[in-house]
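Some structures to go through are shown next.
The following pair of complexes shares a single chain, chain A, combined with chain B in the former and chain C in the latter.
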Partner chain A sequence: MDSAGASSAQRARTALIFVAPKLLQFVFVIWATYTVTFLLIHFLPGDPVLAALSLKGGDATTTDPAALERLRVQYGLDGTLWEQYFRHLTGVVTGNFGTSISTGQPVSTMISRVMPHSAAIAGLALVIGILLAVVVTYLAFLTRSNWLRQTLMQIPPLGVAIPAFLTGLVFISVFSFGLGWFPSSGTRQPLSVVLPAVTLALPVGAIFFQVFSAAVFEAANGAYVFTAVAKGLSPRRIFTRHVLRNSLLASITILGLQIGYLAGGTAVVETVFSRDGIGRMTVNAVLGRDINVIQGVVIVVAIVYSSVNLLVDISYGLIDPRIRPSLATPKTKGSPTAPDAPENSAPVRTTT
Partner chain B sequence: MTQRPLDAPAAGESVDDILQVSGLQVEYHSAGETFPAVRGVSFSIPRGKIVAIVGESGSGKSTISQSLIRRLSTGGSITSGSIVFDGINLTQLSEKKLRRIRGARIGFVPQDPSNSLNPLMKIGEQIAESLRLHEKSSASAAAVRAVEILREVGIPDASARAGQYPHQLSGGMRQRVLIGMAWACNPDLVIADEPTSALDVTVQRQVLDRMERLASERGTAVLLVTHDLAVAADRADEILVMQQGLIVEQGHAKEVLENPTHSYTQRLVAAAPGLNSARLQAQLLPFGSSGPLGSSLFAGRPISVETSFEGIEKIPVPGLAPVLEVRKLVKTFALRTPGAPASVLTAVNNVSFAVQRGQTLSIVGESGSGKTTTARIAARIASADSGTVLFDGEDVTTLQGEKLRQLRRRIQVVYQNPFGSLDPRMTLERIITEPLRAFKLGDRKRQAEAAKELLECVQLSPDLINRRPGQLSGGQRQRVAIARALALGPEMMVLDEPVSALDVSVQEQILQLLVNLQAQFNLSYLFISHDLGVIRQVSDEIVVMRFGDVIEAGPAAQILKSPTQAYTRELLESIPGQLQGQS
Partner chain C sequence: MRLLKKPGLLVSAIFLLLVLLAVAVPSLFATHSPLEGVAAEKMLPPSAEHWFGTDHLGRDVYSRVVYGARLSVAAAALAVLIGVSVGAVVGLVAGAVGGKIDFAIMRVVDVFIAVPGILLALIVVASLGFGPWSVAVGVALGAAGSFARVMRSQVLRVRNEEYVEAAGALGVRRGTILLSHVLPNASRPVISMAALELGTAILSVSALSFLGFGPQPPTPEWGSLVASGREFVATAPWLSILPGVVIVAVVLAVNRVAQQLGASK
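After this line comes the complex of A and B, so read on.
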């Protein structure tokens, strides 16, 4: 009805209004994470440089105070608390997280080296987990046998109940040592991602399943599914066209939380399969009091987590037309005039 | 069961039925228990005719409509009988073949327009979906046809609307979309399960008109399932009356209404608010069954003990102040939608009225008219932006704390939903005596006695005193809610849609009870309803509201007989039950 130019400008404006507060929130979360970790690390008792040195050279190491001060400058740990706070903050903004105390390498290099390994298993785990959950739910939705449905619904909780180190070990002994299909450890071979990803996929998929299947069966009892049945649609089409998207809406929140968990929660799996990765690096950094690495990892995980949640928030708007900001003014005005008329005057109103 | 022969239409197609149901039985199983919902029902629908199934909730009428497309709710199954649609027995048909009949040859208009459309799909697409499925239309042809269908069901600006989502449409428009969907593939039969019970009366009429026109244009047979006998009377050629899973009466619409033979149908006809119009008169209670409350808890209550209520004209004594008066109430709400400029909704705009002691003032209006907000302000549950509330001549607009609490003794409220307004974990005794405990009136023993008396007052057996709300029917619960409101001996009761969640015959009983109580205790009522049919049974004065404004106000008889405003006339004309005399 209204002209294309006005409509697209308005569309951009609504999109901005929808996204802007969420972007602000995104920045705030990362800043807050940085501040809290910074304070936590600095109020921990003991000197990090000394601790790192004593770990390297044993308890009896004697250190020259001048050399110690040089090391502090090298790792960016000199000066007052405020100076350090702002120096590191600028570092975070520019992507420079300082140097690792234990390895001497820049933290950003270390993170970018191990990141792909973790991302590979986390991403694959997510895909496998979601697929498993959707397939089991789909079968349970289709089956007419009540008994089969109940059985299918009881399987996924096992994924949460069995700890990852146990499934990991079982997988290694069966598929690596027994059948020899997949390598048991390391990151060199491309197939080495499979077993850790599957191990990680089980709890991830199981938790997703709990939320997703509940949403599916709630949707299946809904009135619009009855309408779809009365239209003559097949169960397969009803699932893909009507139930799936409506159920995703409810499950997408848990998906965001799970990706956040995966960003930092790969430690156990990486240890079991002896892989390089964010999780294992974090564990080592904590044990070695390598505070620059700890801080770098925490910031990176916070960025991943916030970005995912930002995407989740935006995808709500894409999936559900009801929570998009309305283009026209709301229908319920005090006047009985028809709400059909397009609001062309809206952009004009804002310019003053 | 009484079956009357049909007058064969002039065309001479005498026994050409599109649907024949015989001996249909449906049961629901849950938690090891079997509940028969439909117990052997036989009927047939002639081609191109409208047949209505009328019954109250639990009569099995919706179960029949669902079993015709073999999609029963969880636990339901057809245990015997046959459903023959155009020579095909649907009970024996494979699921796959049945899918080719659903939507293509049998359309379905569901009950609840707000939830029956997929919220994430554009409405044009939801219609086009069935066209592609059954008519094998191409995507573009289906989209074009979907817009045409929207136009046919009377949606303005159809091509723009087709690209909108259900939440952008009003309830009436959504129901039109569903009607368009049901008729999309030119079915032979459309099942309409309570198609308008969630809509305002004026919208109800437009939607039913549209359905009737489509049916006659296309020669579609319609099975109209409704709880509202008046709707059936207006629209149907034939009526089936159901009670407890059985058809108790069937025949021509006119004959069933004018000459009901079964006692249940007679009761329904008598109870239908659209079909009788007089104000209810207070009935004298059988002597001794429920005398004036003996408990001294009610001492000081003015009890009008006239020997006969009938025939006594209630004339407000001149010079006597009204019990409740509101002056120039205004209430606005700020609407906040992200992205849209903040706007202000004026829910109540400069509303004034006065309720005379011992009389009923009713506010009638459709959803969004501001009637409930007005009532809540009058009862001092919500506060107004400006305006005054006078109770018994005293300004109570800004009462606070203990004084406001004391006011609650004099104004009590009964809500619409008897399922939500009673705590399911309390016994009736605790529910009814809760106000007494709150005001520390009487000791336990006296309170228990009072609870029993109050139950008798609302014509419930005192033996129910230890039951919980879950064990009562909707009508019984509403009686309990009334008893609770009576417990403190109020002078004024605000009744917010007190009967709209109830079945018609129960509505009638509750209204009669309210009228009796009014005479017995000299109560004043502020009665809120969307249903003029109900309003005219109880009101002395009527206020018509729309979009927050008072459209018209005056004595009930005047408003109902000679309304001056077009909107009031429209409301009056929309009351179902008036068309049947004309055709």
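After this line comes the complex of A and C, so read on.
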């Protein structure tokens, strides 16, 4: 146990050493994402204002240079590239993503209006996906039949090969038009969340399964499982008490990746189910060549993605002491020092 | 033959050969015209005459799927090709040069890996305009990052091999060493990864076409076929679901064959 005073200052320093680089990385990823998007949009051929206008109201509307320039100023697309870059960058820092070319509304308002709809299906999909992965792995872990285990392990890769638009359409024709259990579209009814969430959950669960089941079967060879077996614990108890915790913890690292996948997946799923949300808004923005909205969405996704990664990293340090920098306590030399990810063979907690 | 012991692989390989044949000569498989329909025969359910039924213009959906293979497969293959080439060059340069340049390149690569592939593709499509080729470029950009990362790690591994050191000691120029010694030995994992990526690319291309960024009607393409059938999902679900099932079959076959390619190395 630490004694008070000096050690609490030391602890704060350790925490700072642990957290500071991760915060720096958080800021870096968002800045870099902004820069890369900006460069892509401005260096690929095509004039966004012209393109958006010709889509908006036929080609004969505005060819007058003065009027075009006014529109550029209105949407923040005037001036040199450097001016635009810094103007938008300060906008990002202050939460102002400019004005949508097709709707004329502030992009941040548009995003915050549809965000809850997407968050609902993405969050539910994440929960359902993780549950599915855990259940399939649990059954494969418990079964004594080699054949059944092989079959169970073959199912999740299917989830990656089936496009979300197909699953969604099959669900709509079976559960909406066939059985009439769930609404086929919209966001009004509370049950409308179910089908899109399950559609998204299949690939999400499949990706999670690959990491999770690998961690489980690796952990099953660990010394602490051997001890638990020797103690006479039932396989079921070994799974829930020992293996599950360690493997889940090891699999949390891919949550960030999953957020990225979810952000892309909502584009398809929200289109299939005609739901308002970030994804559908992005698709409409691309159809209208509305680059301000596209850039805003990409930055919001980058912020969500980096926040999740930051939280995962920090919670890792809180849950698993082996991750923390061991500068302050050189005594723990025997244990592995700050590995990138915890080894699954070493349990976090083995007491029953 | 060993292949007979793996029926899944055999079926996948034969199926892929048929798909490739359909890409090359679609008229071999198509039973009707992909573009011209018979107005009296619209919205028919699947039958012996029309395997996948007919759409709202009386066109045979099976024939449209056959003709659609060309654009779907070509766009996906192009995406992988661009992704691998760009990724390989970036990874090779980063791994070979090292130091600060390597660090800077890899931070940019990190960003391309962090931004979801479909968002990158959407940015590209929004800038370049719609069509199967901009979709391919967009998908390629989303995939290039991970190719660069793998290539770089392979270059770092190969760079310390004895034969590379030997070539250096013999006075072979750096560029020659890189191209004739490092590149061939470093590319094996990248190539098997590219084979796996083809399945993902088919899915991404068809998803983007489904969203309406691919070829414009009446050109048949798998994702667009699903999208146009979607309007009739309440009354004629086969119009969208059967082309979708074809996509799944192709992706599974590609993945199975790619897995074998990766394992035999």
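Everything that follows uses one rule, which is that the second predicted complex is superposed on the first by the 314 of 352 C-alpha atoms of A that agree within 3 Å, B and C clash if a C-alpha of one lies under 4 Å from a C-alpha of the other, contacts with A are read in each partner's own complex, and residues count from 1 in each chain.
Everything below uses one rule, namely that a contact is a pair of C-beta atoms (placed from the backbone, for glycine too) under 8 Å apart; a residue touches a chain by one contact, two chains touch by 3 or more.
Since the model is a prediction, treat every value here as computed from it, not as a measurement.
Novice: Quick check on the superposed pair: does A:Val268 touch chain B, chain C, both, or neither? Answer first, second, both or neither.
Specialist: It touches chain C, and chain B stays clear.
Novice: State whether A:Gly260 touches chain B only (first), chain C only (second), both chains, or neither.
Specialist: A:Gly260: touches chain C, not chain B.
Novice: In the overlay, answer first, second, both or neither for which of chain B and chain C A:Arg245 touches.
Specialist: Only chain B; A:Arg245 stays clear of chain C.
Novice: Applying the document's definition of touch, where does A:Leu233 land relative to chain B and chain C: first, second, both, or neither?
Specialist: Only chain B is touched by A:Leu233; chain C is not.
Novice: Quick one: classify A:Val297 as touching chain B (first), chain C (second), both or neither.
Specialist: Second partner only, chain C.
Novice: Identify the partner contact of A:Ala223: answer first if only chain B is touched, second if only chain C is, both if each is, neither if none is.
Specialist: So A:Ala223 only meets chain B here.
Novice: Do chain B and chain C land on any of the same chain A residues, and which?
Specialist: none
Novice: For the complex, which residues does chain A have touching chain B?
Specialist: 1, 13-14, 17-18, 221-224, 226-234, 241-242, 245-246, 249, 319-322, 324-336, 338, 340, 346, 349
Novice: Considering only the defined contacts, which chain A positions touch chain C in the complex?
Specialist: Per the stated touch rule, the residues are 28-29, 32-33, 36-37, 40-41, 44-46, 48, 51, 157-158, 161-166, 169-170, 172-173, 177, 184, 260-261, 263-265, 267-268, 271-272, 282-283, 285-287, 289-291, 294, 297-298, 301-302, 305-306.
Novice: Can you list the residues on chain C that touch chain A in the complex?
Specialist: 107-108, 110-112, 114-120, 122-129, 141, 199, 203, 206-207, 210-213, 223, 226-227, 230, 233-234, 237, 240-241, 244-245, 247-248, 251-252, 255
Novice: Quick check on the complex: what are the chain B residues that touch chain A?
Specialist: Interface residues on chain B, with respect to chain A: 69, 71, 74, 99-104, 107-108, 110-112, 115-121, 129-130, 133-134, 156-157, 160, 165, 167-168, 170, 178, 181-182, 335, 337-341, 343-346, 349, 368, 546-548.
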